[in-house]
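Chain IDs A, B, C and D follow the sequence of writing; residue 1 opens each chain.
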């Protein structure tokens, strides 16, 4: 039921010509939060290396400045047979500035085909499971 | 009823460690297609400069390689009172590799607040209007 | 004695918060010019895949805007025993805006060690050889 | 005589198709180290906002991996009348992996022209002055 917390360092180059963090760059920040949760902590090498992104959704609520303190909270919203949904909230100076979701598909690197979520993976992912309101 | 066509030059650096175009980078490619349609051709300076991204959705269907010929087709899916929806399809070597949508909100740069779509803008946007199937 | 010409498409996201093409991004533009010369045209697969960057030098003479027409001219400045030097000039609207040099080292992918420039490679590189003034 | 120390967070997307940190991306990492030294700590707003990059030099000694702990040490190598030189060393897992230098030119934002280094700026920069060996 916990969320994974990621303090997200911004770079000066994350800003675009409008002087705010570029909207496309948010996906890179969410990627870092996802990598921090799934690549570094995860004890399941097949999940770490064999997962493909099937879909992203991102909502932008507030502009984010280079000097803002950014924190991304990440959790698992849903576990399906052959995919699962990662959800995120991005806070800038403690204000909710963006929300996103990513659909991830486990992938068999040998056959290069999608595969089902294993029971072991389901167990690990469940630790971060939270129903979205 | 026409779609805007954008032949999208890829860069070697668009690839990530998996050797394909990075999923986050797709937003930058869609941004280029949107800029080509809305910034360069548009006769409406207020729309060109005063529009903010409220939401993106991206579906990934096929991996895209650096050597693929990429074409993005862009159109307007919906015009609401205070926002409109840009839709895209990205083709790699003539195969549909990704779809996306962007919700854009006209923005009054003076008051720094969202504003309604003007009649003139509605007219211009309608040129590219197409119902999504 | 010819220079390789590369018409360089800019992206909106190449701009930084100052509204000009970001200075770090120039290396990505030069990379594209180098890839266009060496990866696409070159008949020497070992050179294409087995070369590492040992050094870059970049001089910035004029700011480059998103709407500028950018052309990069590339040539070989020097061929040494175990490395060679690529030189570039970047023109924005036909004005020289930046110069750069890259030292490249042929690399044996099998042994993962630097190797000498072969005679065949020297022959191909010599086509683009030009003494810097 | 001190060096400015910057623990440099890497991103997954810093890697290119070779699986190492992309050589062009190093300039972005050095930019972060420079920003940390000059933008955040500096008590001289004119220097913070009015400086342009005239030249970069980067030497690449070792490939850098995504999991490496990266530290950048930054100092001032030379103070001239109308420019100064920032020098850096980048360490990956405590091994020297890259060196770089940047020539910066103070810039008068009002006249949009280069200007001389002031005495006050010379004093501040001298804190970080170190002769390169």
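Going forward, contacts are C-beta pairs under 8 Å (C-beta built on N, C-alpha and C of every residue); 3 or more make two chains touch, one makes a residue touch a chain.
None of the values given here were measured: they were computed from a predicted structure.
Chain pairs C-D and B-D differ in how many C-beta pairs are in contact, and the one with more is C-D.
When the contact pairs of A-D are set against those of B-C, A-C or A-B, over half line up by residue number only for B-C.
Centre-to-centre, using mean CA coordinates, chain B is 31 Å away from chain C. Computed from the mean C-alpha positions, the centre of chain C lies at a distance of 23 Å from the centre of chain D.
Averaged C-alpha coordinates give centres for chain B and chain D that are 36 Å from one another. Shared contact sites, meaning residues of chain C that touch two or more other chains, fall at 12-13, 24, 28, 31.
Of all residues in chain B, only 23-25, 27-28, 31, 52-60 touch chain A in the complex they form.
Those residues of chain B that touch chain D in the shared complex are 12-13, 15-17, 19, 22, 24, 66. Chain contact summary for the complex, chain A toward chain D: residues 9, 11-13, 28, 31-32, 35, 39.
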